[in-house]
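Sharing a structure with you now.
As written, the chain order gives the labels A, B and C, with residue 1 at the start of each chain.
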Amino acid sequence: METAHAFTVAAMGSQFFVGLSRAMILFVVTAGLSFVLGVLRVPNIAHGSLYMIGAFCAFSLSKLFGGGSTGFWLGLILSPLIVALVSLIAERALFCHLYKREHLMLLLFTFALSLILGDLVKLVWGAEYRSIMAPKVLQGFVSLFGSSFPRYNLFLLIIGPLVAFGLWFFTNKTKLGKIARAAAVDREMVGAVGINVSWVFAFAFVFGCFFAGLGGALVAPTGSIALGMDHHLIIEAFLIVTIGGLGNMWGAMVGSLIFGLTQAFGVLFWPQFAIVFPYTAVVIVLLIWPRGILKSVW
Amino acid sequence: MRKQYFSKSLWVCVVLLVALLLAPPILPRFYTYILAVIFVTALLAMSLNMVVGHGGMFQFHHCVFYGVGAYTFALTVTKAGWPMWLCFVVSPLAAALAGFVIGWFCVRLTSLYFGMLQISLGSLLWAIAFRWYSLTKGDDGIHSIPVPGFAATTSSAYYFILFSFILCVVVMYLIYKSPFGVTLQATRDNPARCSAVGINVRRHQLMAIVIATFFAGVAGVLFVVLEKSVFPDLLFWVLSLEIFIMCLLGGWFTFAGPILGAAITVALRTFAGIYTEYWTLILGVLLILLIFFLPEGAMGFFLQKFEKGRDKETAPPRGQHAES
Amino acid sequence: MLKVENLYKSFDKFLAVNGAELTVEKGQLVAVIGPNGAGKTTLFNLITGMLKPDRGRVVFNEEDISKLPPHDICRKGIARSFQIANVFPRLTVFKNVQVAVLSQQRKSSNLFRPAHRMAVEETNRILSSVGLLEKADHLAGSLSHGDHRILEIAIALGNEPQMLILDEPTAGMSPDETSSTMGLIKRLAETHGLTILFCEHDMDVVFNTAQSIMVMHYGKTIIQGKPEEVKSNMEVQEAYLGGADA
C-alpha cells in the first residue's frame, strides 16, 4: 500500500478539492432527484439514464460545433433542455396516468423507463466510449497546496453553490416553487385550493430531470462518457438522497459531500478499495440516522 | 369443489414433471441448458416473492444473497478446498446469515427506507466483491469451478437442478400453507392489526427474510453448478430489480406466479437475444405493458379468468391500492 | 383491572392527551365520550401500546404496561378493535380470525403443518358466536361495513382476552345494526366474562349500555362516574352541549 505519500498535506488538500468537485456534480444530480422524490414521493430510477443522455448530448453538441469551447457551452445549456423535453414526453404520455396507483408501480415505471432509455442511448450513440474536452478557458491547472488542480474542477466548485442558491431561491421565493413544496407536503390540500396537481407533478418531474441532464453535461469533460454510467450513478444518487433525508435539498448537499469526500480520501488511503469507502460511510450514517441526517420533506 | 381444483392442478404438475424429466434426451443441449437456467432463476424469484409478495416488504436488493450463496460455494470449493458436501451445506447458510444481519437492520424500518437501507448494505457487499481482486478476481469473476461428478455435464446438472428445485418449491409450499405463512400474509396486509393480536411483526418478518435468503443462497449454488463460474454481476442491483419484475410478471400474490414470470423472462431474453441486442429495451416495454394492463401478473390474470368464484383467495379485489 | 394515571402525550407541539385518568373495574362496561378530537383514540392507542406516553402510567392487573409493545400487551389479556375497519382484506373471514387464534395458541411461527387444519374448531366457534359463520369463505375486503365491524370484534375475541377495547364499534351503522351490535357486545361480555372499554359518539348507545362513563375534552378527563352523575354534571354539559356529535 502506498500510504507513504498519502499523508502529506499537499496530497490531502488536493484530494479534498477533488472530492469537493465530485460532490458538486453529485449534488446537481441528486438535488434534482430529491426534488422529484419530495413532490412525487417516487425515487426516479430513470434519473441515471437521463444523466447519461445529458452527457451524450453534450458530446454530440460539442462535436456538432467543432469540439471547441462554443460546443461545450452550447452543450451545457442545451443538453439539460433536451433531457427535460425527453422527460416531459415520458411524463405526459405515460407516467401521469399512474399517479393514482401504488407508489411501487410508479417506481417500477421509472425502472422500465431507465431500461428503455439506456438501450436508446446504445441505439443512437453506439457502445464506444466517448469524450469531450473542456472549453479553453477552463483547461489546464492551477497550483493549490503544492499540487496541480484542474481548472475545470474549480468551475464545478462555483457551479455547485450556484445551483444550490438557485434552487433555494426557486423553492422559497417563487410562487411555482412554493406550490411545489406545498404539494410535497400535502397534495390534497393543493388540489383543494384549485391548483391542478397533475401539472404540478409534471413540472416537478421535468424540473428535477433537467438537473440530471445538467449534471451529465457537467461531468462530460471530466472522464469518459460510456454506457453503464447510468447504473453506477443512480445507486450513488439513491444512497445520497437516503442519507441526506428524502426530498431535502440541503440533505442532498450533505450527502453529496459525504460521498464525494469519502471517495476522494479512499483513493488516497486505499486505492484498491476506494469505492468501498463511500458505501461504508453510507451504511454507518444509515445505522445512526435511518431516515437520513436531515429531515425528510414528508 | 376445492378437491376437484386441487387434483386438476396436481395432474398438470405430474404431466409437466414427466415432460421435464424426458427433456434432456429429446431436446438439443442448448434447450436443456435454458430450462436449467429457468429453474435457477425461478427458485430465486420464488424466494424473493416470499418476502415481497407474501410478506409485503420492499426487498430491493435480494440478489445480494444469491451472490453470497454463489460466491461462498465458489470460494469454499476453489480456495478453502473443503469437501463438496460441506460447501453445498455452508453456502445457503452463509446467504441466510447475510440475510439475518442485513434483515435485522432493515426490519426496523418500513417500506422505502427498508429498501434503501438494503440497497446500500447490498451495494457495499457488491463493491467488496468487485474490488477484492485477490479473493474474488473482481470483474473477471471466478471460472472453471469444479463441480461434483453427478452434475458435471449439462444433462446431469439439469437433473440435479430440477430435483433441487422441486424439493425447494415443495418446502416453500408447505411454509406458504403453514401458520407461519398465513401470519406472514397477515403482516403484509395489516401490521398494526397483527401487533394488536399478539404477533411480533418484526421478528416474524426477520424469520421470513432468513428463510427466503436461504433459498436465494441455494439458487446461487445451483447457478454455480450450472455455469461453473461466478461474477460480481450476481450482486448488482439491476439483477435484483429484474427478479422483482419476474415476480410482478408472474403475479406476486399467487404462490407459483414467479415461476411463470421467470420462465417467460428467461425465454424471452434468450430468444430475443438471437434477433436483437436490445433486450433491455424490450424488457422495459414489457414492464410498462404489465404495469398498465396486467398489474396482477400473468398468473393472477389466468386465475381470475378461469377460477372465477371458486378459489376466492387467489383473486384479490381489484382496484385496491395501498396508502403509503 | 385497568387504571390510567395522569397520562400525557403530545405530537410535535400538539398536546393530544393532557392528563387523562380512567378506572375500569373487572366485569364493567365503561364508555369514554367526548367531542371529536378530544383524544379518545389517542388514549386507546396509548393503552394498547401503539403509542408511548410522555408522562403517566397505564396499569393493568396491577402491572405497569405503559412501555410495552402492542404484541406484549395483547398477551397480557387486552384485545382491541379499531375505529377504521382494520382487518386483513386479502384473507378470508375465516383466516382473519384464525390468525388471531393461532397467535393466541403461540403457533404463528409453526412452519410445517398445514394451517387450514389448525385451530378450526375455535375459529368456527368464534365466528358462529358473532354470526359470521356462513360468510367464513368470503374475502374480508368484500364484506359490508357492518360486517367489517363485527369481524373486527371477532378477531379481537380470537385472543381470549380479559378486556376488550372497542374504538367506536357502531360507527357508520344504521340504528338497527347499532342495536344488534350492542346487543351482541353485551351478550359476549356476559358469556366470556369480558370487561369492556369502548368509546362512542352515539349517546343513546352510551347511556343505555355503559355502567361507568368517562368524559374527555381537549385530552383531559373531566369526570368519570355513573351515567346519571355524568348527565347532570355542569362541566360536561358545557363541553359537550346537546350530546350527540357526528
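Quick note on the criterion: a residue touches a chain if its C-beta (ideal position, glycine included) is under 8 Å from a C-beta of that chain, and two chains touch if they have at least 3 such contacts.
These figures come from a predicted structure and were not determined experimentally.
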Contact graph of the chains (line, ring, star, complete, other): line
Central subunit by CA centre of mass proxy: B
Centroid comparison with subunit C (C-alpha atoms), farthest chain: A
CA centroid of subunit A to CA centroid of subunit C, Å: 50
Centre-to-centre distance between subunit C and subunit B (centres being mean Cα positions), rounded to whole Å: 41
Centre-of-Cα separation between subunit B and subunit A, whole angstrom: 32
Residues of subunit A engaged with two or more neighbouring chains: none
In the complex, subunit C residues that touch subunit B: 48-50, 69-71, 74-75, 79-80, 82, 86-92, 95, 98-100, 102-104, 107-116, 118, 137-139, 141-142, 155-156, 158-159
Subunit C partner contacts - residues on subunit B that touch it in the complex: 174-175, 177-183, 185-186, 188-190, 192-201, 204, 207, 253, 312-313, 316-317, 320
Complex contacts: residues of subunit B adjacent to subunit A: 58, 105, 108-109, 112-113, 116-117, 119-121, 123-124, 127-128, 130-133, 236-238, 241, 244-245, 248, 277-278, 280-281, 283-285, 287-288, 291-292, 295, 321-322, 324
Parts of subunit A lying in touch with subunit B, wherever the complex brings them together: 41, 43, 45, 94, 97-98, 100-105, 108-109, 111-116, 118-120, 122-123, 231, 235, 238-239, 242, 246, 272-273, 275-276, 279-280, 282-283, 286-287, 290-291
